[in-house]
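I am attaching a structure below and will ask some questions about it afterwards.
As written, the chain order gives the labels A, B, C and D, with residue 1 at the start of each chain.
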Amino acid sequence: MIVILKSGVSREQVSDFSDILRKKYGVDVHTSFGEQSTVLGLVGDTKAVDIDSVSAFPIVETVRRVQEPYKKVNRKFHPDDTVIDVAGHKIGNGELQIMAGPCSVESEEQIVGIAESVKKSGANFLRGGAFKPRTSPYAFQGLRADGLELLKHAKLKTGMPIVTEIMSADHLPLFEDVDVIQVGARNMQNFELLKELGKCNKPILLKRGLANTIEETLMSAEYIMSNGNENVILCERGIRTYETFTRNTLDVSAVPVFKKLSHLPVVVDPSHASGITWLVEPLSLAAVAAGADGLMIEVHNDPPHALSDGAQSVTPEQFQRLCDKLFAVTNAIHSITHN
Amino acid sequence: MIVILKSGVSREQVSDFSDILRKKYGVDVHTSFGEQSTVLGLVGDTKAVDIDSVSAFPIVETVRRVQEPYKKVNRKFHPDDTVIDVAGHKIGNGELQIMAGPCSVESEEQIVGIAESVKKSGANFLRGGAFKPRTSPYAFQGLRADGLELLKHAKLKTGMPIVTEIMSADHLPLFEDVDVIQVGARNMQNFELLKELGKCNKPILLKRGLANTIEETLMSAEYIMSNGNENVILCERGIRTYETFTRNTLDVSAVPVFKKLSHLPVVVDPSHASGITWLVEPLSLAAVAAGADGLMIEVHNDPPHALSDGAQSVTPEQFQRLCDKLFAVTNAIHSITHN
Amino acid sequence: MIVILKSGVSREQVSDFSDILRKKYGVDVHTSFGEQSTVLGLVGDTKAVDIDSVSAFPIVETVRRVQEPYKKVNRKFHPDDTVIDVAGHKIGNGELQIMAGPCSVESEEQIVGIAESVKKSGANFLRGGAFKPRTSPYAFQGLRADGLELLKHAKLKTGMPIVTEIMSADHLPLFEDVDVIQVGARNMQNFELLKELGKCNKPILLKRGLANTIEETLMSAEYIMSNGNENVILCERGIRTYETFTRNTLDVSAVPVFKKLSHLPVVVDPSHASGITWLVEPLSLAAVAAGADGLMIEVHNDPPHALSDGAQSVTPEQFQRLCDKLFAVTNAIHSITHN
Amino acid sequence: MIVILKSGVSREQVSDFSDILRKKYGVDVHTSFGEQSTVLGLVGDTKAVDIDSVSAFPIVETVRRVQEPYKKVNRKFHPDDTVIDVAGHKIGNGELQIMAGPCSVESEEQIVGIAESVKKSGANFLRGGAFKPRTSPYAFQGLRADGLELLKHAKLKTGMPIVTEIMSADHLPLFEDVDVIQVGARNMQNFELLKELGKCNKPILLKRGLANTIEETLMSAEYIMSNGNENVILCERGIRTYETFTRNTLDVSAVPVFKKLSHLPVVVDPSHASGITWLVEPLSLAAVAAGADGLMIEVHNDPPHALSDGAQSVTPEQFQRLCDKLFAVTNAIHSITHN
């Protein structure tokens, strides 16, 4: 950590301040006196040093972190890729994992039908919402516990592991047979929920918040991991920007950045990133070309009559064509990379 | 709601589609055939019409909402200002309410000392964090239940009503003696929490999420109100933008906009909006000049040793000077407005 | 165009207002009376209707555009892809065009050396900055006219057409032998410059402004085209968001969106989009997978000693590996698409 | 400037790299060896050190600036407020300067009528657009040279100094009788224009670009000042964010921040910041409460028939009421500040 002092600070003030820092945080302090400003370098374990406290000293101009504030997710301390095995499907080992299904679980017929269809096209996880976070209290809120039952039923019928969103730690007992628990964008900084998920041993798919930085996303993963659960999958799903044509802006750079800074697998959700059916294909291809370990795609047999997110769901036919292209691009990239 | 159809759609398709909309949503449909596109006007109660479903029909180009999607918070259906009475202090009646206190409750001495000091300067609510949402799992997480006890103690000593943040509906029983329950920016779209708060009868101070629109904030207030609790106070606390000099960007326009669109009282938090001590005064004055009903300000007796948010806390002396200016500006505006 | 009137407006007011609109803009007006609001549909050529003027009428609540405000760039009026031929290289016909070279032209040896090297790797255009827009007046401002001379020299030696940025219409006479004139992000709404470029007949590579919408970018292209020059190439180069890890956020969705809304070719600049060398490869692959017609990549033989943009320049060796991957992905996508 | 090296770098590499920096930039280098990373402090005049070049060295992890990259605008080197005298009206001396007038100059009757009216209400500068930057090539582009003539005529009639926008350095000869030359948001980084304005001696009102940072705005002011013209007035006019209710988001914090970092006067344009008539009053009051030296307000006698920006123009009656409130708030703040 670097502490830049205001100009005009005396050597005695610098020395007194350095003593305080050494005692309070157990760090070593290196001093560099410049013409216009004096700079302190804090050396040691600065993870717990509070930038705000240090900034509040009257002689301080600014404070800048040098080390990343995360540890468990940091690739520097864990150079190998984390691979998460879900019922034999390995996320993060270089193969493409496709999670597909409807935005909301609506009925047995719907969820089983879509599951069988996407499985045939190449998906290996079934996604579907039972608890639905909706901006409006008047919108369909999901079938909730009943939706989970239908998902489990579809899992039994097809053998596909299931991915579904949790909205409150109180619902955890209902998620016992769920294979991957999803934390939605709006709950990415629901720290009480993250702590509880850190105490279970299920894979957690953590979606980046709609206006959260890459670093904040990694800090939320750190909440889960530092509480004991190391099975975290990161998910980029578009961020909020000034552009209004798309629902969100897919930050495709986040894929290689997440993989550089952390060792966790990275999945992309092109459906929420765009909000538009015809963008799902080009964004899926872009995500895979950028190195994503998996995709999460909304598929609905009858989008105009979907109870939610109809505008961004692809039909089973569109999904089939998309999978063909995805596997071709993945193969092309693999063949060059391994040459 | 306006539905714009793709060019080349036949009159028969338009007629079939209009029938579907009439049946599905119970709305009336007006049709306007143009040269390049046909436009449908959906008339009636369109609050429950799902834009996504309508957009998913292949003949639809785009859908635009005409009416606001909120009802209970809407000034159109409730023209008079809502005034919330908390222990005799009225929020929303034109007088300025100042909520002040430390970011985190740290000790009995600290919280009582600050409470007595800010009360003397003119604050009429005591704020203080017991449950603290922190980006890092390694940062101080608040004294939690013990912090609430200390706050209640300070309330007893000073007679000031207390405002403090809730992070999980499970903690609600602990908040029985809290006067105003705060929902933090990160939980603004924690809909399970909002629903539970809608079932209690305490005033809720709802902070705008760090990247949420004005409309989304009103929809979150609608969650609380539609569940039965009409005592909602809106709080602008800065939004996330590309500018990095300030921690957030205070959206001062949100104050008059919230008051135009809704009948709820509006409070501003200049401490979190800026993250910098010396900006608290100008932003507080700006907020009041723009029409805010109240302010929420972080005050700490010893900012460099605060356990959180030291860099944005003002000292009791700075707070005293700030209150003097605030009351002068409020008086100046009142005297002209009432002339 | 849809005009939503305030509630409580009388039928007579509506009729008077409709007459004004008919006379002022020569449009037809369809009226739809709803319970809560009356909606007018303006039908005809609304391209010149000023939203602000209409909004300023006291009885108007809001105005929403239905038709796109651009015409010459609009795919609706020009369904076929525009293909621009530059010295035999066709941009927009489905083949990948790679524009490569240093950020700044620095010397004859440098520009010729890099040109020969990138040509060998597969680039078919040479890019290089002579006039350099720099945030700081103290930074290197480019070799200006001398830089253009060196570029032309490299063109003679290698036969590669050259792409370089213009910063003022006054410099146009110097650009006579330039093959593609680039408008930088900071000048995307320098309308006086756009008008002048519309009067020349050279291909213009128009970079999206760092915080401009897709629609604004198309409107700037419309400035050039409506002044007579139809040879416009759009370029996505990253937009400004709250994320600070990357210099900008590559809006990869803009590629398929530009191609859907307009008929113009689309090129991506991954170097400026990220500002980081190791992101150039994954972003280039993502851009091509999303459908880009070309790439513009900064290559420097000695990045640490580059006079500008060293941190985002790849070396000739990295560029060679990148080209190999790009051609493999392009071939894979072509082979599926054409099956 | 702080240079953070990658972990695992040898002492010899550090020593070699330090030598390069010393020779290349004439700076002194202080080294601080930490457990996880080594940090170099560059001491001396680092204004011309190119961050990108330094970052491009393979052993460098990141580079962070300590000193501000601007010098002439920096309050550290010029502690006193700059006061700019325009025909006896002093901008920056603590008194409120109000610049008012129509978005576009439309006719002699219009500009003289509005000038006389706003003068009576308390405005002391006349603003009006002759050269108009418009997003659409089909929108009214201003009366251009004829508009300037009309402005000068209104100046003669009323004695008010005039403020108007320039769009190209080629037009400078036409601006000889203009009192304050405005650089619009879209040209804030038109560096060729800034350089030319630096060579004239007229006051320049520099508007912050719609997505430019505070620092970039100061760097554009530095372009003008380093070329010889020290009469720069900064103008905050709203920035682009994800919020769509207002046209832009007024960054009211920029007022105190500009005044802290620089010595230049700061003016606010609430009309463009909001784009909505009824927001002009609260935003004007907020700007003045936050410390603005002046305001720039669009006033039109007949907003619905204005040729541009009708939706954000106030009427002369609204302007009169606004001025009354502004002077009351200014007086209230002055009276406390000077106690």
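Everything below uses one rule, namely that a contact is a pair of C-beta atoms (placed from the backbone, for glycine too) under 8 Å apart; a residue touches a chain by one contact, two chains touch by 3 or more.
Worth saying up front: this structure is predicted, and the values here are computed from it rather than measured.
Enquirer: Which chain's mean C-alpha position is the greatest distance from chain D's?
Expert: Relative to chain D, the chain with the farthest C-alpha centre is A.
Enquirer: Tally the contacting C-beta pairs at the A-D interface and at the A-B interface, and name the larger one.
Expert: A-B
Enquirer: Measuring from the mean C-alpha position of chain A to the mean C-alpha position of chain C, what distance in angstrom results?
Expert: 31
Enquirer: Taking each chain's centre as the mean position of its Cα atoms, how many Å separate chain A from chain B?
Expert: Chain A and chain B have C-alpha centres separated by 26 Å.
Enquirer: Between chain A and chain D, tell me the centre distance in angstrom, where each centre is the average of that chain's C-alpha atoms.
Expert: Centre separation, chain A to chain D: 38 Å.
Enquirer: If you look at chain B, which of its residues touch at least two other chains?
Expert: 211, 240-242, 244
Enquirer: For a test of understanding, state which residues of chain B touch chain C in their complex under the given definition.
Expert: Residues 2, 4, 7, 30, 32-37, 39, 41, 43-44, 64, 66-67, 76, 211, 240-242, 244 of chain B touch chain C in their complex.
Enquirer: Under the definition above, what is the set of chain A residues touching chain C in their complex?
Expert: For this pair, the touching residues of chain A are 211, 213-215, 239, 241-246, 249-253, 255-257, 260, 273-274, 278-279, 282-283, 285-291, 324-325, 328-329, 331-333, 335-337.
Enquirer: In the complex of these two chains, what residues of chain A are touching chain B?
Expert: Residues of chain A touching chain B: 47-48, 50-58, 69, 133-140, 167-170, 186-187, 189-193, 195, 210-211, 216, 219, 222-223, 226-227, 240, 277, 303-313.
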